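In the two complexes below, subunit A is the common chain; its partner is subunit B in one and subunit C in the other.
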Partner chain A sequence: MEIIKSISESTLNIALQGRLDANTAPELEGVLISSLSGITGLVFDFSELEYISSAGLRILLIAQKKMNTQGTMKLRGVCPAIKEILDITGFSDILTIE
Partner chain B sequence: MNYSNNNGLLTVFLSGRIDSSNAESTEKELLSICEAADYSEIALDAEKLEYISSAGLRVILRLRKSEPTLKIVGVSSDVYDIFEMTGFTEMLKIEKAYRRISVDGCEVIGQGANGKVYRLDADTIIKVYLNPDSLPDIQRERELARKAFVMGIPTAIPYDVVKVGDGYGSVFELLNAKSFAKLLIADPGCIDNCVMLSVELLKKIHGTELNKGDMPDMKSVALGWADFLADYLPADQYEKLHSLIAAVPDDNHMLHGDYHIKNVMLQNGETLLIDMDTLCLGHPVFEFASIFLAYVGFNEIDRTNIEKFLGISYETGKEFWEKTLREYFGADDVRCAEIADKARIVGYARLLRRTIRRDGMSTPEGRAIIDNCKAQLAALLPCVDTLCF
Partner chain C sequence: MKEMTESLKETLKRFLFRGIRFKMTLAVLAASVLMLTAVGITMDRTVSNTVEELISSRMESDIKYIEDLFDEGEWNIRDGALYRGDILVGDGTVENAYLAPFLEMEQKTGSFSYTFVKTSDNGLDWVGDKKTGYMQGHFMRVAGSTLSPDGKKIMGTYMDKKVADILDEKGVYSGQANVVGGMVFCLYRTITDSSGEVVGVICVGRSIESMREQTKKAERSLITIVIAAMLFVAVGLDVLVFTWISKLDTVNNYLRDISSGTFPEEPLNLHTNDELIVTAACINEMTEALKERERISGELSIATNIQAHMLPCIFPPFPDHDEFDIYATMTPAKEVGGDFYDFFMIDEKHLAVVIADVSGKGVPAALFMVIAKTLIKNYAQMGMDPCNVFTKVNQLLCEGNEAGLFVTAWMGVLNLETGKLTYVNAGHNPPMIKLADGGFTFLRSRPGFVLAGLDTVRYKQNELVMAPGDKLFLYTDGVTEATDKDNQLYGEQRLGDYLCSHIGDDVKELLTGLKDDIDAFAGEAEQFDDITMLVLDYRQKRASDDAAEKAFPASLDALSDVLAFTEAELNKADCSPKAAMQIAVAAEEIFVNIAHYAYPGESGKMKLGITVDNGVARLNFRDYGVPFNPLKKADPDITLDADSRQIGGLGIFMVKKTMDEVRYERKGAQNVLTIKKKIN
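Up next, the complex of A and B:
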């Protein structure tokens, strides 16, 4: 998985490419831990994300909980297959999907 | 028009096309079925429905006015598109038909009492249930797993329920994980690490607060066990047992209900939970009662039980139980023994009821278990004044 990070003012954009699964989730968690300080807007670009596993969803949940205390979090470019996973798991109800 | 009435759920089966040519007669027929039936909920089964026009949709709208519980089930994707475009999916409960899946040629990766587990592809497995009537149980387990998952409890994603032949299956994420039971069998020296990780996850579960009604309340289940024993225990013991359980404060924190080393897995250093059908809520004493049974209580009479069930020896099971208490409570042996006694009371009550209900009186082993439970309760009950810790 590729993690492409860009910051403009206090908004952090994270574009993910490939698979967010048990093997790659720790890497994303590391990026979030080191970059969320002072961030009030977190935007995930999922347009090139192919698959998300439970380990990946748990990282989104952790990020959402953190952002609830300091700003907002959005998912962008969610493809139908991943949207379906978010719907089935009930994550659509707790995340903001554009 | 066919219909069925199952314990107050009236299901009417729609078929073919419903359009301006037959909407009126369909409505009349529907209403006459409703009038004649005694029901509390109503569903329209649309598995054989091929098309519905605006005239048909208006029939459903009118029906919903008098039947607020109305839902539509088994909807094909073509008909679902119609419901979705017209906004019906936002107004009433509309469930899609289950996907059909064949497991021919799929690798069997597990087998349990209720069914088989197959690997579907690189990312998913399917649990196929033997009993074709298991749908309510499957849906119950999935709903519990889903609730736990969005609360942050690490577990496999429960995907959809599918039809497999005449029965049903449940699709889950494939975990690349090993159970603690397997890890312990391969390396008995890792027991302390397994205890530490499993307690860490247990505390996370117990720290998760739910709303009352989200999951079954263990206290009322345990009161049911006590009530059952009214006929089998001396009156003073029954009363003590009942009042001890009744005095446990209501608690809306999550419990797993069947927490042992086969249901806790390790994947890339992260602990995961499986088998979510026993999830419930309540005071942790009820969790420790079931943990005590898994590691010790179920195996006291026939010590080979635990080898068949968890693959470890009776001694290792006992060690795991004692170390779990010490790790969880960070307490000395005396305090841990006090807590264990509270859990044992609930555990023996459950085991006694279960053995009697499974006709244990008719076998020597069953009678030995019953006698042991009764002796343990007789010794424990006078010494304990509260089940709380």
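Up next, the complex of A and C:
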């Protein structure tokens, strides 16, 4: 999985390419832990993301909890297959999906 | 309950007529007869003497009594008459005889009495006829209590000279004497005046008849007393002995119960303080010890039973599998030994066969055998390679092996689809194998060290491929080392010859026939070692099912491989991207679950089988870890807001939600999770 990170002002943009599974999720968790201080807007770009499992959902939940205290979090470019997973697990209700 | 032994029955029979009770009764009877005879014999001698003495002393007091009846004063003679003080006792005439004291005495005691005065007459004549008469002595009767036979008082008559002479000499005479014509028993004693001069004689007497009667009476009462005493002794003795014997009987019954295998609930109590209390205490101690021993031996025999039933003994063991035939026997020697065989399915297409021999005999070997067998089966069923099974089992057996026991073992795992036999040997005799059209030959491989010998040993495994029709024969050294009476060994040559000449036999015939052959060889010789054999007949290959199956280490590192395998299989089947992703996600969730929970603290394997049939994908996950049903976990609450959401539990929830069917089974040592999903 590729993690492409860019910051403009206090907004962190993270574009994910490939698979967010149990093996790659810790990598994303590491990036978030090191980059979220002072961030008030977090945007995930999922347009290149092919796959997400519960390990990935776990990171999204951690990020959402964190951003609830310091700003906002958005998901962009969610494909139908991943959207269905977010729906099934009730994540659509707690995440902001554009 | 045990049957009474013959020797005990015999003893009981003998005891009836030789018991103490019988002997005691006889002894009391015999003693009674003896005593009575002895008493009878001595009675005549002693009793009559005693009675005479008694009577003499009585007469002595009678004389004193008469003297006391007179007033104070001394005996004296005046003018040939006898006086007491101034009272005239008598001068030989009836008129002057002073009879009162004598009559009173006779009335009182039944004794007659006389008094005589000393006369100066000498040379007195014979009186009476030849038969009853006597020579007269110099004492003349002056007073007394008895009349003569003709009714007259017999004053003035003289004493028998023989008695008078004795009185002169000794002053006293006792015994039978002729008194006025009749024999009586008398006591005569002289009486003296104040100067000590003899002045007369007092005589007290009783008729012989009355004395005899008294003697008889005394004898009778004495005999009565003796008999009574003896009866008393006999009864007392009997009571004593009989109580004692009845206690002995209690002891006997108690012991008889025990010897026939029933332990009385109550301890033996004889209600006594005599020597038997020690017996009872000892018996109770002994009984407790016996009970304990009985309990232990009972448990041991249960243990032996359990051990025997641990060996699979239902044939054919796997009716569903017609790919192979298997048969095995274990004939233990006298003592419980440590041989065992085992066979079991590792999964649907792998069969494991094991044969082993624990060093030593008896309970330690049996316990060790149980442990070794269990460990081997457990690890083999985890899907470990045979060499790793032995390496692991060896390490575990080495732990705390204080007794220094060890196990020789051979294990093979046959892949029923391919015929590949993977085997490992820990110091065991090489099995025999029949391959293709050849005969049985030894399957020699370089054996590893025995199990439980050295914990650092790493075992190596070998492989060969069996074709349908091939056979494998496993055995322990009890087979080759069976001896005949001349100590000849059955040996590998005979074993090989037998097997080669019976290649056509089915598995059961082969082992039964071989055992008969060994028995015929051994003849009368005793079997020293367990004889254990197992034969496997590989009949046909297992039809491989369509499933693509792959084994993976149950570790997160293998996740990419699992997903790649899954996606590749689904791609082949033209699966829609959405279904493919959901199936892949499900596969990941299940695999991650296995990697986390199946093998706590150690590494293990899992297998994933994938089939696509009629547009439905079926994924089959198997592991050999701890029993765990992930579907039982409660679903997470997906309606909570982000801050309240729990992180865990989502994975399996997603599987349940996205798959059409999810099923968990525990199959033997395996966790099997199956999911199904339409692919379009």
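Keep in mind that, in the parts below, the second predicted complex is superposed on the first by the 98 of 98 C-alpha atoms of A that agree within 3 Å, B and C clash if a C-alpha of one lies under 4 Å from a C-alpha of the other, contacts with A are read in each partner's own complex, and residues count from 1 in each chain.
Everything below uses one rule, namely that contacts are C-beta pairs under 8 Å (C-beta built on N, C-alpha and C of every residue); 3 or more make two chains touch, one makes a residue touch a chain.
What you see is a predicted model, and the numbers here were worked out from it, not measured in a lab.
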Which superposed partner A:33 touches (first subunit B, second subunit C, both, neither): neither
Is A:81 touching anything from subunit B or subunit C once the two structures are fitted on A? First, second, both or neither. second
Contact-wise, after the overlay, does A:94 reach subunit B, subunit C, both or neither (first, second, both, neither)? both
Contact-wise, after the overlay, does A:55 reach subunit B, subunit C, both or neither (first, second, both, neither)? both
Would you check which partner chain A:4 touches, where first means subunit B only, second means subunit C only, and both and neither mean what they say? neither
More subunit A residues touched by subunit B or by subunit C? C
Based on the superposed arrangement, let me know which partner A:22 touches: subunit B (first), subunit C (second), both, or neither? both
Contacts of subunit A common to subunit B and subunit C in the A-superposed view 22-23, 51, 53-55, 57-58, 61-62, 65, 85, 88-91, 93-94
In the complex formed with subunit A, which residues of subunit B make contact? 123, 146-147, 149-150, 152, 154-160, 173, 175-176, 267-268, 270, 272
For subunit A, which residues are in contact with subunit C within the complex? 19, 21-23, 50-55, 57-58, 61-62, 64-65, 68, 80-81, 84-85, 88-91, 93-95
The residues of subunit A that touch subunit B in their complex are 22-23, 26, 51, 53-55, 57-58, 61-62, 65, 85, 88-91, 93-94
Where on subunit C is subunit A touching in the complex? 556, 559-560, 563, 577-578, 581-582, 584-585, 588-589, 592, 638-639, 641-643, 645, 647, 650-651, 653-654, 657-658
